Each structure stands twice: as structure tokens, then as C-alpha cells.
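Everything on this sheet refers to the single structure shown next.
Chain nomenclature is as follows: A, B, C and D, assigned in order of appearance, with residue numbering initiated at 1 for each chain independently.
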Amino acid sequence: MILFRCDYAEGAQPEILKRLAETNFEQLDGYGSDPYTESAKRKILEACACPGGEVHFLVGGTQTNATVIAALLRDYEGAVAVQTGHINVHEAGAVEYTGHKVMTLPQHQGKMDADELEAFLAASDADVNKDHMVWPGLVYISLPTEYGTIYSRAELAGLQAVAHKYGLPLFIDGARLGYALASPACDYTLQDLKDLCDVFYIGGTKVGALCGEAVVFPNKAPKHFFTTVKQHGALLAKGRLLGVQFDTLFTDKLYGRIAANAIDRAQDMIAVLKEKGIPFFLETPTNQQFVILENKQLEALSAQVGFDIWEPFDADHTVVRFATSWATTPEQIQRLREMLSVFISQ
Amino acid sequence: MILFRCDYAEGAQPEILKRLAETNFEQLDGYGSDPYTESAKRKILEACACPGGEVHFLVGGTQTNATVIAALLRDYEGAVAVQTGHINVHEAGAVEYTGHKVMTLPQHQGKMDADELEAFLAASDADVNKDHMVWPGLVYISLPTEYGTIYSRAELAGLQAVAHKYGLPLFIDGARLGYALASPACDYTLQDLKDLCDVFYIGGTKVGALCGEAVVFPNKAPKHFFTTVKQHGALLAKGRLLGVQFDTLFTDKLYGRIAANAIDRAQDMIAVLKEKGIPFFLETPTNQQFVILENKQLEALSAQVGFDIWEPFDADHTVVRFATSWATTPEQIQRLREMLSVFISQ
Amino acid sequence: MILFRCDYAEGAQPEILKRLAETNFEQLDGYGSDPYTESAKRKILEACACPGGEVHFLVGGTQTNATVIAALLRDYEGAVAVQTGHINVHEAGAVEYTGHKVMTLPQHQGKMDADELEAFLAASDADVNKDHMVWPGLVYISLPTEYGTIYSRAELAGLQAVAHKYGLPLFIDGARLGYALASPACDYTLQDLKDLCDVFYIGGTKVGALCGEAVVFPNKAPKHFFTTVKQHGALLAKGRLLGVQFDTLFTDKLYGRIAANAIDRAQDMIAVLKEKGIPFFLETPTNQQFVILENKQLEALSAQVGFDIWEPFDADHTVVRFATSWATTPEQIQRLREMLSVFISQ
Amino acid sequence: MILFRCDYAEGAQPEILKRLAETNFEQLDGYGSDPYTESAKRKILEACACPGGEVHFLVGGTQTNATVIAALLRDYEGAVAVQTGHINVHEAGAVEYTGHKVMTLPQHQGKMDADELEAFLAASDADVNKDHMVWPGLVYISLPTEYGTIYSRAELAGLQAVAHKYGLPLFIDGARLGYALASPACDYTLQDLKDLCDVFYIGGTKVGALCGEAVVFPNKAPKHFFTTVKQHGALLAKGRLLGVQFDTLFTDKLYGRIAANAIDRAQDMIAVLKEKGIPFFLETPTNQQFVILENKQLEALSAQVGFDIWEPFDADHTVVRFATSWATTPEQIQRLREMLSVFISQ
């Protein structure tokens, strides 16, 4: 059985485990006051070309979204997201649990449209009842989106311009950020993000770490953000666990290199899926690909290959997701090819 | 420089790192649906002698306290704790952030007194204004306490009896549970806890793991507790990180064995401190010891030895905490002895 | 200037003011422990034909929605409503502020469709990721809806059947309940509601009271609901203010009689609007009517007659709402007729 | 039976009812956009000598405390209060429900001591763990206190100076503010409060209104405070109910005059209690008096006279509270005198 179900099926990139082992018996202060955490922060700020910024390490994605959003919003504000946004669908209401509404816009292959955002914010602003309503407080997008698509530089700039016009920060959920930046279709780099949004995070969990997300505030973090992190239960006593991992990921561009592997394997996988004549629901420039399988074939194939059931397509077909990762090997793609040959008749 | 500042200065017990490495490239399902997590749960329930119970793995202590407490309480209820209880002091208001009051009782070397609990609950119950007040909803204690002390079996039974008399569950914060159970002064075992409280957790972060706390519900967890964990941002995509660690800790009684090391080293350390004539503020049966240092000596010593400033004793003296851990070596105790000889004049 | 802007433009039905004055110097216990509150509860339960139920008086609609919903839901649950539902749009995120997501369905002239509810709940239930998502916890509808429409008995029964099939209570926001029940189009009575939903409230603010909403639990209120009301800041020290008002409204069927006036005047108003050839956007069986005005005429008319701007219709026209109330007089309708003659050319 | 149980046993000062009746059929805009609300705000700002300030009307005390505190605090902050502070004891955890800890200091006849506040804030500031703790975010006091005592001008200035030194606003809960200001012992006026605190409210419910509290921000209210009020369910559709009441209370100094009646009657009552030889637990300069009754006499007396059981004094005696109000008559004091003669043997 091989899994293309997600990009967190394996443990850690081996260099990370090695560094954890090497530093294991060093006695270090807790809660991120250790030199590895400091070093990781410095390297990340350098990689992001914002030496005056701030980095905070949190443990997981839902936690990071809820913590950052709660820190940026006042009680009367909500987060604007597309309907398929992770915070709106798959985080068990973690944002609402902190007291904030998720205000939704339509999605286009997972993306938010700047014109629709403008129309929404303009209408909010013009609404005679606006004092009786939740105030839009920030704009949330994910990069890549839930559908594996990425925003162009112009699209990001457009969203940010609209957000700023209405006084809102733009927050990028980068749980899979590496896979966006490693895509040949991406026309910007990690260094550009500081100018294209107001806060973003660099996902570790899905890009080679055991756990961990690095929140980057290109300028300053909200006041007492450390305490906010603690209050959200997101502060590790052994901060080194995150520090060592991100220090490793941002040494010799490891993060970018392993993300690139996922993209290369995704391209191989696309070729295999096409070779087998499997229709695409959505071909993306990142590590997630959405294809349409006949239900009977799906069942048979799923005994040998793990993939994600996305949504029904019609009575006889289903949209499924195949994802590669930093860990995917050419051999696994080859094995997928063989299995498709056996189970998917054209 | 050696650190006796806390019990989370080192990384993980080496067997844990070894197992993480060995299983690293196995492709596993996420969110705790992997066989290591399953195995860890089974072993823990066995070790706790409650095969019909439920185990959930969370990442850190503050998070675990807030999540369990919020799951157990209704909106109109609060958690009863002693004033020095971790949830009342050092968790950045995480419990209040979920909407619940922490209702406090006096502490006695960190412990709650059953008679005082009874008096408090009786008074609450008798208060003519009780419908205008927060209802006590659970009793929270930590074991060992913030002061390294432990409850006797009779004390736990007494607290539970009072709690149950008023319909409240007793919740034990076991961030350092191993160090209580490993103490010769402890007159009960892990297997007894299922009868002495209603929910407890087995701390990993401070007893050999990189991170992780295992919440044990001797019977059933609150409904949809998995979703509650997710909502609190406490669910790891790579659940294996917790599963493998606890599976290792509960194989061949590793958890108990490494906890015992901390207790043995603490006994050695007590002997050294006494040998050097350092007065105790509080000598405890677990891994934390509280002594009184002269401020000048304290300063000199602190250049070579890390310890925790607890509180001022008088104008010229300070209470400090020395903690051992699963990782403390006889050599480190010997080194402490040498440093004390140099810096502490009797 | 006459106002048809809303149904809360006047103060109280005069009998209410008279009773407040008559009882003003009686010394009464606070927080609803007075005989008027008791009497009001008894009369309401009788009027609702559920003598074993519970009534609680709260002050306003948003407050009542947030308090009832928070009392019924567990932390992991959300409230299902249509997109135009008051809780989703015009309550400043009060429900989310208590930690709960509002989960939305399409609206049909303000109403929820039972089949769409069924499809939504079935899909939630079938979702493989449901443990990562907010659990639907109750169904919220308003009666009449935001668009002045009412559910038929069959529609309510259908919604309740679906809700119950999935274990959810059906909650009716009755801020304008009187106007639904007084409509000739309504095929059920106040006495039927106990069987058609699980909790509802009888709006006072918009039907003759100065303030106040009577929440009716046909069976039992959630545990410690009194404390929940207090915690939400919804408990009046002078509970008599609500008690006397509702006692008056439910003496000699006053509530029903004054609600009927709004319906009678609405019928008169519909006739006048039709006579003047004003196109309807939505003609409803209750006290709110939605018509389409030319923007220029709208402006002129609005100097003499108050009405509510609802939404743009096209570049040159706007949907506006005219509402009657318990206080609307035939003379006011006649005056509207005159003003329409002056300002609206056909 | 006469009640001295509280200061909200009667309805409204008759002039208020009269004005409500006189204006009852005026058609007014909702949510406080009516001329009476505007007028009331203007008169209050004038009475408070802060014409550039802002006034907001809310419905009740608990609601006002929770709303103002939530508006002033960031998520990581708590409210500092004395242990007997209303928000800490008798508001069903409403402040914690909004996510904020109530941080307590000792009380001295209900009052907070500036030196103790200073010591607390200094210790918080110096705590090496402060980033792991709730940050003090505002100072809450009540005036008069729960024990009917009042702060001197010097005491208020002292508290404010300490609060400001640490960057915190001072918030005065004035649910009974009139009774403090009307006391001969009070060495400041309503006009002074703008300089002695940062926000306060003028209680209506306990000083002659049916309901209502007027929050005064001497400068500006927190951003979007109107929306915050709505979100807390504290905004009345018929804002006139509050506007007319406060407009009346602040016409011809009615508020001050009726408050003075309570103080005059309290002085009469003190004389009567002393005449009957009843020992005082606490004699105060405002409308609440605390005396010690023998339990047997208490029982007998309570059949004829309503008073509030405060707390046990010893096995045979109880502390009880007698309160006068704006409505208390000399005849009622005389009646109390007679009843004491009958039931209390000296």
C-alpha cells in the first residue's frame, strides 16, 4: 500500500531527525529561549528578506490560524475568507471558538477574487446597518489554496491593495507554502511575500517537519503575541523541538529543496495519470492533483493505493485527490503507474 | 553550565528518537489514525488498568488543561483549584479564555485540602445567591503539585469523595505525573488512579518526550472530544509524533523507569544540598527541591549552575528551585556538589 | 412625518404603561421573583398549552438568540440558519462571540427549506471529515422571517422532523411572532407551537412592549438557564419591568389583539400601495411589505414618510420596506395614501 | 411587609413614568437614534462637565460591566478588582465568559487599597514569568462598594495614579453612583469624576429608573463601541426607553435629588437602629447599612420586614443588610422602628 492521500504521511526529513538527535542532550532553556530557536528565527527572517521582522513558532496549522487571527482582530471584527477556506470548513470552528465570525466569499478553484473582495468590503462599508454587523477585520487566504492552486503575484498584490484600502491586513495561511513557492508557475519568491501580505506562516508539518509552523510578521508582531501564543496552548516547553527543526529546514535551503521534490514528483504523477487516460477535475501547479475516477475502479484501486475522496462527481464518478510530498520517491510514482494499469481500465 | 532549572532542559529519551527514526518513512494516516497511536493507547489503558477507558494525545500542558476543562464544563461552570494551581497562575488565562472562571482555594505546600474544598462547595451550595454565581463544575489538582509535593492515597480519595458528593469530577493535571508515581513516598500506583479521580493526564513533555500529554478518561471521554481537541488547535496532523513517543514510553515500563531516575537523582541532590548546609524551604519527595540561598552566593553560583528563582525569602535571601529530571546524571549531581563547594560558603 | 420604517417606532401599548404605573410603588423582590412575573409565566404557559413548560423573560432579541443558542449548544456545535437569518447578519456576531459558528443554508423568501436542511445534515453526517468540522447543534429559524413570510404548519413540521431525525432541536426566533400568528395565512396557533418546535420566544419589543422577549421551553429549560441568562447580562434587577408587561400582554389576549391590528393595517396598506400602482417586490401575509420605488420618487417621498431602504433593485429602482405595527392607525394609512398620491407618479 | 432588602424594590420615579407616557406615541427611530436619547446624552455630559465625552446607554449592571471591560481589554489582559468586587462574585462569571480573568486584591470594607494595587502591579511587572501570565489590563472598582463604603477623592486619585503609572485605565462601576455622590461624606462631585477615572457609569436601575445604566467615557469610547454593545445583546431596539428615562433623571437634577432621599432616609434608619441598640457590623455613609442580628430575632423580624442576609457572624448571630432607596419614605422608617420594637429585645 502506498499513500498519496496527503503530504503528511511520513515523519520528518532525515536531516531533521539527525539534528534532533545530535542536540538531544544539550541542556537548553525552555519556551523558545534556546539558541536553535534564535538561529532559526534569524535564518527565516533572512530567507524572507525582512531582518526587522518577527518570527514565532507554533505547533500546527489550525492552532496557528486561530491564534494569529485572534491576535489581529478586535472582538467586533471577523475574518474574510473564501467558502472553502480551511478556517471556514475544516478547523472545527476554531476561529469562531475565539469569538470571531468567518465571513465568506465565493471561491474560484480555491482562490479569492480581488474584485469580489472589493465589492464585499465596499458593500459592508456602505451598509446602513453596518454598526449592527460584524466588521471585516482581516483577509485570510491560503497559499496554495485548498485546491492546490496558487495566486499570481498580481493577484496577491490586488488582494492586498483592496485589503489595505479598507484598512485590513492580509494574512496568508502557508501550511503548504513551500509547495507554492517551489512551483514553476509561481512568479514570486519567499523574499517577496513580505511585500505582498502583512503576515504569513511557513508550514513545517506538511513540508518535512514532524510538526511546526513559523509565523512571520514582516514588521512587528501584535503586542504580547508570546502571551497570546501561550494562552492558545500553542507554546511548547521544549521550544527546541520547533527551533531545531526550522533551523535545519532553513539551513542550506533545505525547505525549498524538499518542497521542489514534491513538485517534481507531482509533475511525474500528472504524466502518469494522463498516460492512463484519467480525466482531471483540476490539474494544479503544486503537489495536489484532482482527478475523476469511476466508482468501481476507485474501490478496487483503493485497496492498493491511498488517496483522498474529495467529493462526488456524478452518480458513477468521484473526484479524488492525489498528493505528493517532500518524501515522495520516483519509485512510488512508478508503483502508482503499475497499480493504475491493473485497476483502471481505459 | 549545568541546568537544574526545570525538567525539560533536554530533548527526548534516546529510545524515543530511535523509534521515531525507525518508523520515519512508514506511510501512516494522520490525526492519530496510525497503528502506533493505537498501540500507545492500548498500552496506556493496560498500564492504567482501565481497558474500557479512552486515551487522547495532546501536545502540551496548558493546552491539555484548557481543552479538558472546557470539555468537562458547561458555560455556567468554573474550575476549582488552589491559588497556586498552574491554571490559575502560569497559563496566561487559557482557562478563562475559554469562558470559565478559575475558583480558588488556599494551598498547603501546593495541595488542596479536602475539608476546605468541602467547606467551599457547601458554602456555594448554601449561598442564597448561587444562581447569580459561577457554579463549581470540576475540581482541578496537579500531581505532583507546583511545589513538588504529592497527595497521599487517602488525600486523593478524600478530595474525590467531596467532589463526587457535589457531583463534580476530579481532574488531575499530571504534567509531571511520573515523578509522583516514582516517589517512594507515593502510596498508590498508576493503576490506582482510575479509582482516585475521573480524568487525568500522563505528562510526556517533562518526563522524557519531546512533547505530548496523554489524557486518560478511565471510562468514556466527553462526547466528540476529538472535535474539541481539534477546535483547541491541539490535534497534530502527524499524530504519529505523539503515538510513537507514548508507544515507546509505555513499552517495557520505560516511563516509570526514567521517572525513577529523576527521583533517585533528587535524593542524591538533597544529600548534597544538606551536606553543604543549605537550608531547605521545602524538601519534597519528588524531583523539585526548594532551598534558600543568600543573594550574593546565588549570583555567583548562577554563573555556573542554572536553577529557578522562586520567590524572595527576605531582604538577603531567595527561595530557589533545583529540579532533576529523567535525564539527570550522577555526574551532574557531582558537578553541582563541586560548584556548591566553590560558591556557597557555610 | 409618519414612520413605516419598523414595528418599534412607538413606545408601549397604553395598557402596559397603565399597569406599570399602577404597580409602581409595590415593593417587589428582584430578578423575576415577583408575583407579576410568576403570573405572566403562568398565563403564557396556559396560552401556549404547555403547563409543564418553562418561561424565561429576557430583554431584547439579539440577546435572547445568543443566550438560548449558547445554552443549547456544546462548544463543538453550531447553529444552522439561512443566510439571511438575523443571527447571521444583523446581530454583530453575537452568536460567534459566544464561540459558535452560524452554519448557513440558502433562503427562499427568508425561509429554510426542509429538503435543503435534510441534504445539509445528511452531508454533514456522511462527511468523512466530520470530526474536523463544526457539528450542527440546532436549527434556527425566524417566524415571521426577515422577509415577513411565514412557515405553514406542514413546513414547520417538516423542518422539525428533519431536525429531530438528526437529534437537533428546532429554535424559533419569534421577535415578531405575534404578527405571524395573527395572519389569516397562518394555519396554526400559539398553542400548536409547543409541538412544532423545541423552544421559541414570544417577542414583546416589536409587539407592544417597551422591551422584553418571553422564551418558552415547552418542556424544561436547559439546566441552570437562570444563571446563563445572568451570565449573558440579560437578567433585570427589576424583573417586574418584564413581568408586568407580559402579564398585561397575556391578559384578555391583548398580545393577539394588538398583533391583529398590525395585520389589518398591513392589508389596508397593501391595498393602498396597489391602488397607487406601486410594484411589489414581495407581498407578505404579515406586517412587512416590500415594494419597488423609483429612486427619484423615493427621495421625495422619504421627506414625508419614513420607510426602510432594503436593497437596490436596479440602477434606477430600490426595494423598500413598509412595516405596520400594533400601533398603526387607519389615519396613518390614509396619510400614506395621500403622500403616495403626491409623490409617486404612475 | 416592608422591604429594606435592596434599592430596586420599587418601579420608577413617577416623573419617569409620566414622561414615558407623554412621549409614548411619538414615532421615533430605534437603537438610540431618537431625540430623547440625544438629549439625555447631552445633559449627562453637561452634568459630568465633559462635553467632549461620549455616553452610551446599556440596560443592566452585569451587562455593562462585561461590555465595558471586554471593550477595554485585549485578549491577553484581565481586570483587577477586589475579591468582593461585583464582577468577581455576583455576575455569574460574565467577565470570564468574555474570555478575561478577574485578578483579585484584598478588600477593605469593600475598597481597593492603592498601595496594594501598586504592589500587585509592580510584582506583575517584575515577574520573570510575566509573559506566561495574564496581563493586568484595567482596574475595576465600584462606587459605592459592595459594602456601601465610598472612596475619598484622595483615594480615587491614588488609585488612578497607580493605574496610570502602569498604563491601565480605571473603571468605576457606578450601579449605585448616585448614593455615593449624595452622601455628605463624599468630597467630590459628578463633575469631578472625569478627572478621577477613565470610564464610569451612572446607575439608573438602582436610582429611580426601571432599567438602564449610562456609561460615560470622558473622552472617546473605544472604537466601534456601539457594535460591541450590540454584540453583547445590550442594545435596545426601543432606545427611547433608556433615552427618556435618563433625559428625565438629568432634568432639573432629578437624579441627584432622589439619590439624596436615600441618604436622608439611611441616616434616619441608622438613628432608629442605634436607638434600638442593634450593633452595627458596618455603618456606612451611603444607603446600605450592615447590622448584627440574633438569629432568633432575625427570624421573627423577617416575617414583617424584608432585609438581606449578608453572612453568618457567629453561631448565634448573622450580619444583615438594610438598604434605603430613592423611594424610601419617612413612614417606612417609622414602620421599621415599630417592628424593631416588637421583635428585637434589647
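Brief remarks follow.
Assume a residue touches a chain if its C-beta (ideal position, glycine included) is under 8 Å from a C-beta of that chain, and two chains touch if they have at least 3 such contacts.
Small disclaimer: the values here were computed from a predicted structure and weren't measured.
Of all chains, D has its CA centroid at the greatest distance from the CA centroid of chain A. The chain pair with the larger count of C-beta pairs in contact, out of B-C and B-D, is B-D. Mean C-alpha positions place chain A and chain B at a centre distance of 33 Å. For the pair chain B and chain C, the distance between C-alpha centroids works out to 51 Å. Note: centroid distance chain B to chain D, computed from Cα atoms, is 42 Å. In chain C, 75-76, 91-93, 97-99, 131-133, 227-228, 230-231 are the positions where the chain touches two or more neighbouring chains simultaneously. Contacts from chain C toward chain D in the complex involve residues 1-3, 5-6, 8-12, 14, 17, 20-21, 23-30, 59-64, 66-67, 91-94, 97-98, 205-206, 210-211, 227-228, 230-238, 240-241, 306, 327.
Against chain B, in their complex, chain C makes its touches with residues 31, 70-71, 74-76, 98-99, 131-133, 135, 223-224, 226-228, 230-231.
Considering their complex, residues 75-76, 78, 89-93, 96-102, 128-129, 131-134, 309 of chain D touch chain B.
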